[in-house]
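Both complexes shown next keep chain A, but they swap its partner, so chain B is in the first and chain C is in the second.
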Partner chain A sequence: MKNFIKNRDFILFSIIIFGVIVVGFANPYFVKPSSLSDVLTDTSILIILALSQMIVILIRAIDLSVASNLALSGMLISLLSTVYPELPVVFFILLSCVIGTFLGVLNGVSIAILKVPFIVTTLGTLSIYRGLIYFVSDGKQVYSHEFSENFLALIHYKFLSLSFLFWVAILVFIVMYILLNHTRFGRNLYSLGGNPDAAKYIGINENKYIILAYAISGFFAGLCGYLWVARYSVASTQIAIGFELTVISACVVGGISVMGGVGTVVGCTLGALLIGLIRNALPAVDISQFWQLAISGAIILIAIIINTKTEQRKDKTIMVE
Partner chain B sequence: MMKNIIPENPPFKLLNILYKKEFILLMVLLSIIFINSNVTPYFLDLYNLIDSTFLFSEKAIIALSMTFVIIARQIDLSVASIIAVSSCVLGYTTSVGMDTYLVISFTLLSGTMCGAFNGFIITRFAIPSIIVTIGTMSLFRGLAYSFLEDQYYNKFPKFVVSLGSDYLFGYIPYAFLTFIILSIIFAFILHKTIIGKRIYSIGNNPESAQYTGIQVDKYTFVLFTLNGLFSAIAAIFLSGRLSSVRPNIAFGWELEIITMVVLGGVYIYGGSGSILGVVISIFILGMLSFGLGLINVPGVGIIIFTGLLLILSIGFPSFIKYFRSKNE
Partner chain C sequence: MVVCLYMKLELKKISKFFPGIKALQNVDFNLKQNSIHALLGENGAGKSTLVKILCGVYQPDEGSIYLDKQKHIISDPTSSLQLGISAIHQESVMFDELTVMENIFIGNHIVKKNKLVDWYAMEKKTKELLSNLEADIKPDEKIKDLSIAQRHIVQISRSLVHDADIVIMDEPTASLSQKEIEELYSIIRNLKKQNKSIIFISHKLDEVLEICDEFTVLRDGEVINTDLISNTNKDQLITNMAGREISQIFPKKHVIIEQEILKVKNLYKKTQFKNINFNLRKKEILGFYGLVGSGRTEVMKTIFGINKFDEGELTFKNSKLKIKTPKDAIKNGIVYLSEERQNLGMTGLMSVKDNINMAIMDKNSKYLILDKLKDLQNASELQEKLNIKVSYWSQLAQSLSGGNQQKTVIANGYQQNLKLLF
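Let's turn to the complex of A and B:
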């Protein structure tokens, strides 16, 4: 089994490299280091959100409200920054994370304690959070000139010619890798997703883990709220609309099973990188942006079919052993 | 969680209904009408009430077939995107000058094919419908976008336009009439025929349904196909009413339709629920948004309210249970 997962990640990695080379032949400009680094910057938010969505999918749930959560926390801190521009940027980042975590916990409580199925809860909060943006902002946008300078400065900081955004993504990757592979919390998440009944018998508190998983998902949605707003220097009611589908497709392409309990941090990250590569490569090879949605839909379907086929094969080999 | 549910196929007796969710829903509906008519004098105007049905009839038509899908323990998030595809087909076939009956057949065919595609992927590869329809939701919507790009259609056959905006005998809108007739047919199928019984038993326990000889996959496939067909029917009414089709048509409707069904007492994990409950909940949501609109609450307010209503209507019973168990 371990071999197989490694193998899968290797295949995904090869596809990404192959894709870069093919696009490079069609449009040499695309493979310049500066433009590849732009692709990484552009994919960073997707990587962070995919990794946090992965935690939720591991326990057989989905968080459809991440994009609305991101947009709401982003809007709240933007509005605050126009009123108090002198506050340090760290404060805004922390505040955004706190708001996001709170919204995530609301999801978790609704699912774990009120027993509202996750699909109903997160579909509901998807529109509630999005609707609240209109209320707090009155439907107005916050434009780039309204942000204070220190609010936007951090995002343009570069280290070793890689952007601040990508370094954040690397940090999140490391944290997630340790969390899921080397802590009791992470291993319990896998066992809850793999077999909820057995997990309960060995004393794992399911409700606690559901709330924690959604809190983590919310935390990173909040973090990305700041990153998104600062990167595009605009906060509006429309930002990141529909982005939850891209995030889920990154997870599915990365081999995270929607049946729960299966998937690796490396696979998930590669999935996000592949989706990011495709999104960035389409304009480079002159495919209209209108095709993006259809292509990401097709990718979800193909990836999920491949996942299911390989999972079924895996079951059979276990029986033979 | 799902093991203890006894298959529910309630006989249509007045006394039984009094103790059921449907009765509570009916009380909610009556109080909404009561409050609305006290808040604004324009609410109880007959013409206003009739016209307000335009706001929910198309969604209500899909909610009927969605009820079947959800009772069979599935879900379909792609309905709004199927509307987009079918509306594009409607606009395109009109623009190339086809006859009205051909235009309508192609539109219905396109929706049916989309639904069948969902059903095929779900049954052939045994993948949960939620993830498949998340995929097809963006696939279908994306097809509409890549086909229309930033263009729009605004020419439709006269018949389609009159279907969308005219009244039978000058009183009853065709869309509303279709919804009423279909809901009677659906209530009959679900509560009075063997097909309905089988759908309930599939929803209660697909494995045991399979063992009793019900072809679960066949039923699932047909239900998704039906959902596609009904989305296409809704697309015809909607395009006729709006007289304009853009790729973002009916955006976000899947949520409102699922809200209609779930608020109507249909259990989201399948196996229980009734058409009557769904019909009442459709009127609750319709009257609510109509009333809120009359007192100038913006559309966003209605969306937030719908989302809250959805979560609270399911969460409230478990909330009470939770507190009782804490107190003991």
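Let's turn to the complex of A and C:
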């Protein structure tokens, strides 16, 4: 099985490389280092959110409210920055994370303590958090000229010709990798998702882990709130609408089982990269908007079919002839 | 047989009530150090309830638990582990997708000074544990690739890591081969030498007599007898368990050999079984014996129409039988009781009544509308016939004990004009 997962990641990696080459033939401009770097920048937020969504999916849940959470945190700090433009950008980033974490904890408490099923809870907060944006902003946008300069400057910083955004994604990748593979917390998440009943017997506090998982998901949604607003220099009621589905697709394509307990950080990241590649490559080879959606959907379905097929093949053969 | 007299665990006057049913009543149970103590009783006698109380899953309604002469309240599974009680359960409490080494250390990972998990140390310790148990299992194998015997060994290793003083084994030999059972025995004896106390639950009295030092028999939630194994014999144990003389339990009946009802000829399915031939007569109970994985279940599922076979012939009541789906089988009066009754046999979240009637909804309904009264009549008739213990009709099937669940499944099958039962 270990080999299989490694294999799966390898297959995903090969598909990505293959895809880049094919698109490169159709449109040589696409494979120039600068545009590939743009693809990575464009995919960074997806990677971060997919990795945090993965934690929730590992324990057999889902967080549908991430995009609304992102938009609400982003709007709140944007509004604040128009009033207090002199505050340092680090303050806004931290504040965004704190707001996101708080919204995530609300999800977790509703699920763990109030026992509202996760799908109902996060579907509800998806609307509530989105609705709150209208409430706090009166439905108005914050335009790029309204942001202070230092609020937007950080995002354009480059190091080794890779964007600030992508470096953040790399940092999140490393943190998640260590968290899930090398801490008790991470390993307990796997066991809780793999067999919740058994996890109780070894004394894993399910409620605590649910709340923490949603808190982490919220934290990164908050972080991405700043990143999104700063990158596109705009905060509106409409930002990131429907993005939670892209995030969940990235996880599924990356081999995170919605049945819980299965999936790797590397796989999840590759899943996000593949989705990001598709989103960027299809326009580059002149495929219409309509087909872009259909193709993305088809790729997700194929990924799920491959997942189930490989699982079925693992059925033990009883008698070898 | 030297038995240390030190009382490791004492249960005093433990009672546990479930709605309408006394699961345990004034149960006293004493476990000595260095002792293998058999817990015996028929299905539903209260063994599992007692185990769950010790594991902190249930709280006793009355009575107290003394460990090393100190009174303790086992409020949850964590405190049970901390007190050094570790159980090897009938139901799977393993993590299929995780490796052997992780299953052993789960909830108890070795960490380095910087709080990161020390995979290297865990692998080393796992190898050491497994080689002490003389088990041929690799630390990085996934649990789902292991046999049942190997899983038991992993669970035993887990309790060793937790440094448990009391190890509870709930029917550990239930699906093991003779060789695996011997190996398990030597592991159990080894544990005993290391000053552990073991509670051993089994239905196989021969093995109880062979390996255990003491025994306690439960019947209907009460302690019937408790003594040293050396003071008893098989007949006495059976009498204790059933509350009747042995001859009454399985009265020998004169059997008239009836006509053949099912004939299976050369049944073959690639990679699963081949050359399956047997005949079944009317009013006959045919035992199928084989290890888990030997193909028993696969053959039965094939006859029932869940799986398809590649070659062979089935004759049922002198005519060739064509079963393509389980529905065909049911129509012919063939009923399959799954070994995984909780998954395949019933719907745990539905009431007992609904479960019993599930398969005959067609019959009990008029113009597509269920006749509720007929439903209830039917159910109570069968409940009496099969002696299912329920406190009320709408009780959820999953809250029944294992044996009573099984009966519910039989009842479900009973009314489908049953002619053949697996």
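The definition used in the following text is that the second predicted complex is superposed on the first by the 313 of 321 C-alpha atoms of A that agree within 3 Å, B and C clash if a C-alpha of one lies under 4 Å from a C-alpha of the other, contacts with A are read in each partner's own complex, and residues count from 1 in each chain.
Everything that follows uses one rule, which is that a contact is a pair of C-beta atoms (placed from the backbone, for glycine too) under 8 Å apart; a residue touches a chain by one contact, two chains touch by 3 or more.
Bear in mind the structure is a predicted one, so any value in this text is a computation, not a measurement.
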{"item": "First (chain B), second (chain C), both or neither touched by A:105", "value": "neither"}
{"item": "Chain B versus chain C as contact partner of A:79, first or second or both or neither", "value": "neither"}
{"item": "Which superposed partner A:282 touches (first chain B, second chain C, both, neither)", "value": "neither"}
{"item": "Touched partner set for A:190, first chain B, second chain C, both or neither", "value": "second"}
{"item": "Greater residue coverage of chain A in the superposed arrangement, chain B or chain C", "value": "B"}
{"item": "Interface residues, chain A side, partner chain C - complex", "value": "1-2, 178, 181-184, 187-188, 190-191, 194-195, 197-204, 261-262, 314, 316-321"}
{"item": "Complex contacts: residues of chain C adjacent to chain A", "value": "55, 57, 76-78, 81, 87, 89, 91-99, 102, 106-109, 111, 115-117, 119, 140, 142, 144-145, 270-274, 293-295, 298"}
{"item": "Chain A-touching residues of chain B, taken from the complex the two chains share", "value": "75, 121, 125-128, 130-132, 134-143, 145-146, 149-150, 252, 255, 258-259, 262, 268-269, 298, 300-301, 303-304, 306-308, 310-311, 314-316, 318-319, 322"}
{"item": "Residues of chain A defined as touching chain B within the complex", "value": "62, 110, 113-117, 119-121, 123-128, 130-132, 134-135, 242, 245, 248-249, 252, 258-259, 288, 290-298, 300-301, 304-305, 308-309"}
